[in-house]
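Okay, so chain A shows up in both of these, paired with chain B first and chain C after.
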Partner chain A sequence: MTNQPWQVQIKIQRQRAGEKPYVQAFALEVDPDEYVLDAVERIWAFHDRTLTYRHACHHSTCGACGMRVNGREKLTCITTIRSVTQNGGTIRIDPLRNFPVVSDLVVDMGDFFLRMNKSDFNSVAPDNAARLPYEHPKKLETQTEGEPERLVDCIECGLCISACPAANTDKEYVGPAVLAAIHLMYTQNPSQKLINQADDHSGLWRCHSAYECTEVCPSGVDPAWRIMDMRKTVFKDRVKSIIKPRLPEKKDA
Partner chain B sequence: MKTTPPSAIIIGAGFTGCALAYDLAQRGFAVMVVERGELASGTSGRTHGLLHSGARYCVTDAEAAIECIQENIILRRIAKQCIEYNGGYFVALDDADLGYAPAFFQGVQNCGIPVDEISVKRALEAEPALNPKILTAFQVPDAAFDPLRLAMAFAASARQHGAKFNTFFDVVGFLRDGQGKICGVSAINRHSGKPVDFHADITVNATGAWAGKVAEFAGVTVPVRPTPGVMVAYEKRVTTRVINRLCEPDDGDILLPQRRMAVIGTTSFEVEEADYIPVYPDQVKQMHQRAALLVPELENIKMRGAYMSARPLIGGMMSGRSLSRTFKCYDHQTDEGINGLVTVTGGKATTCRAMAEKTADLVCQKLGWQRVCETAQYPLADYHLYYQANEAAA
Partner chain C sequence: MPNQPDSNNWPRWFDPRSRSLGTFGYILNRVTALGLTLYLMMHLVALGQLARGADAYDGFIALVKNPLFKLGELLVIAAGVIHGLNGIRIALNSFGIGVRRQKSTFITLMLIAVFIIVFFAFKMFSEG
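Take a look at the complex of A and B:
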């Protein structure tokens, strides 16, 4: 990162609580290899202390810094300036769509996190369960006590929900991340409860297969594939229940 | 002795502030947290993410090492939801590292840290990406955690006990009663730009690297030194365990697996102002070299991110690396005659619960409130539920 500095203009959508949004431009000298979030933080530190934005880990493990950069959902802590503009260019930054804006770039993640919680989403899983089922499983080490575990791929950043055209037209739609979470939990621990949660008009069947979620996911969750795979599971379950009527839910409820 | 529950304001919603909110709320306090940004948006969010076994400090800073192993065991039990617990290795790469081994082995045992010396062959079988030239390996109970989720889990637990969180409220001064006692804070709601006052029996300054700046509002000094270090994240999780270099605490001596990444850290230098710390390219380059010493394939793996985090080290005459990693509570009444204000700073993410316990003990003692700490006994609430009490309050 020993580059000639670039001059860029950063246009940010500003909005005070309860007031109308407007766009404010900041002229900034940047290193093309630094990250968009670094530039936002510098605007706050040196240009305008009233700017509000969410951030925490600065390396894509926490999911707090999702924004729309030039109209595209990005995790700004790992998005380089170079990847979104050029020397003398402009970067437009807006809050995520399909979430209530609290102020400036801060959106309210409350409903989304509570929906994730309802899917029993567990942030830590055995390493192999944390992978996509179509990836090669990792060979288990011979000499370890117990199976290695890790934090799963979904960082609950909300980019997929912001990018989803179905979420944009239906506020009741739980959205790709929640359905992907249900799928992930189902692959680890199948239950009728998870099938019923997914099999809902505000669930699996609201998805239009636009695949925008998989496109913008910074973490390789592949929500679109998980939604399609979960549809197969639900479909099989429906067929099974026609052939052999389902017993009333007991242990899974 | 007081019979109506006392009230407390906590400035700062990093690990310490969130853990303290939980502790005081569980002891019956009416708790209000005031934080200028999002939860964990200062040092806490940008921590390396290492749940220390304490072994890193067992030779140079036994007090911090003992705190770490005690809290490591507790957090693994109560915060399992955001910890990948796979253990860690300390590996020797050269003769100087080997020379450190006896002191290290003695140190970990003195501090009560479980340790296993394992053969190089076995270490390489378990971690095939490790530098094949390692000379020896010790296994310790290190782990990796997700920083934001750890803070949220404490905050969710605090909320279940009635604590209120005002994020994006910037404290601009202290309120005083007729006798000069601090009885709350003035803040600006950063969402609306409007000023607001909060009143409480006691105010705790839990702002870590910023504790000195906040204390200045009350005219008191806290000798905290913001001491940043750089972390570099890579696109590939190259090991299952945390890999530490077997040496005294040094630059780039810890390689941490986290999600699908590997994160190397860190450096150490002092700054006056912790609000914005640039990521220096030469430090990133140095981390890259150090990372490749531990796991050679990192040489050719793409970097995913680089960031700075400012440790709140408690100052003395020594330089950053030799300052203790332990923490300190300041009762500004006994030290400077300012009643109603307590500061807690220093410490590690790993020890945040213990920092909260000690601070809450001091606060209870000051207010004559006789309740004991119970935060080590129960698992924390699911971190998602940080938002549930939010809804209920609205």
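Take a look at the complex of A and C:
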């Protein structure tokens, strides 16, 4: 440890599926520059082996360790203890909202991943399509043959869905990340199928402009901006279809 | 409250803890909309009373001169101004206009709302 250690109390919401949740407190000595996930792992390793949580990469790429830290959605592998409490303080950790709890801090994200799949979400995209259109393109330092590609920003962590008040009351709402994925796919490969997916009462029109998704997104996806930009596309499409009605779509054989 | 989407979770819409400015706008719009709907219903009932003759009318006028009633009227004006101005922001954003400036737009519009509300409060209560 490089810093003077801190004494903190970590309060974790514990729950087995279908049972009543309760809060358990653990006293811990930590380095303030450690991450919240490190503290959770320490609790599992030295205090309670029954504690369940999700983690994998520990460098904000896999999106597995999303939790609510002091009520706020955070990727715990990049949230320092210093940023959420002080020496002698308390950190409250809860599972993400708007997903069913499987156990303790593990939530069932199955439906969310299936919805992402439906949008044909591809986590690799040509470099300039992968970033937000209002961002300045970064100069690539190495030259590659052909068009460079990169991982897109969304790491499918689900923080945006947990923070969204509309997702809180509507089971069918696909949620910010899925709409952002539809927008991203549309900018690369526009199709009527993507417009139709977005143009739905459980799609674009369920968003009620709270902007929490963009606030909590740890990866700069800006889902709120993408939702509003996609609305522009859908709006134009609707106007066009009034002027020039579309023929009914042929069913695939 | 269950930790998954459920139409019974709506009280959480009004919970401002660990939320950002966007949710304050969201909460304000819901509270003012409910207030204005309630007012509209009360207004229709009150208008119905007036049709019951001159005495009823006089009684009603005496009631609206009561300072408590004036405060109520001011709340209606405040709700209308806040809901209307915030609504303009949301409508523009919904067409993709000014989304990245939604926070500063919200603050500016709410400052204008405060100015208008104070102006009306001053006018209403200084007239006696």
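Here is the rule we use: the second predicted complex is superposed on the first by the 239 of 253 C-alpha atoms of A that agree within 3 Å, B and C clash if a C-alpha of one lies under 4 Å from a C-alpha of the other, contacts with A are read in each partner's own complex, and residues count from 1 in each chain.
The working rule: a contact is a pair of C-beta atoms (placed from the backbone, for glycine too) under 8 Å apart; a residue touches a chain by one contact, two chains touch by 3 or more.
Predicted model only: the values in this text are computed from it and were never measured.
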- prompt: Touch check for A:Cys57: first (chain B), second (chain C), both, or neither?
  reply: first
- request: Have a look at where A:Asn87 lands relative to chain B and chain C in the superposition and call it first, second, both or neither.
  value: neither
Of chain C and chain B, partner touching more chain A residues: B
Query: Where does A:Asp38 make contact in the superposed view: on chain B (first), on chain C (second), on both, or on neither?
result: first
Query: Touching A:Ser103 in the superposition: chain B (first), chain C (second), both, neither?
result: first
Query: Is A:Ser191 in contact with chain B, with chain C, with both, or with neither (first, second, both, neither)?
result: neither
Message: Contacts for A:Arg231 in the overlay, against chain B (first) and chain C (second): which applies, first, second, both or neither?
response: second
- request: Look at A:Val124 in the shared chain and tell me whether it touches chain B only, chain C only, both, or neither; answer first, second, both or neither.
  value: first
- prompt: Given the touch rule stated above, what does A:Gln24 touch, chain B (first), chain C (second), both, or neither?
  reply: neither
- prompt: If you lay the two complexes on top of each other, which residues of chain A touch chain B in one and chain C in the other?
  reply: none
Message: Taking the touch rule as given, give the residues of chain A at its contact with chain C in the complex, in rising order.
response: 21, 70-72, 95, 97-101, 107, 134, 165, 167-171, 173, 208-212, 215, 222, 224-225, 228-229, 231-232, 235
Query: Along chain C, where are the residues that touch chain A in the complex?
result: 3-7, 9-10, 12-13, 17-23, 25-26, 90, 93-96, 99-100, 102-103
Query: Which residues, counting only chain A, touch chain B once they are in their complex?
result: 1-2, 16-18, 31, 34-35, 38, 41-42, 45-46, 50, 52, 54-64, 77-78, 102-103, 106, 109-111, 113-114, 116-117, 121-124, 127, 141-144, 148-153, 155, 219-220
- request: Can you check the complex and tell me which residues of chain B touch chain A?
  value: 37-41, 44-46, 49, 80-86, 122, 125-126, 144, 146-149, 151, 168, 189-193, 231, 233, 237, 240, 257-261, 263, 275-276, 279, 281, 284, 304-307, 382-388, 390-391
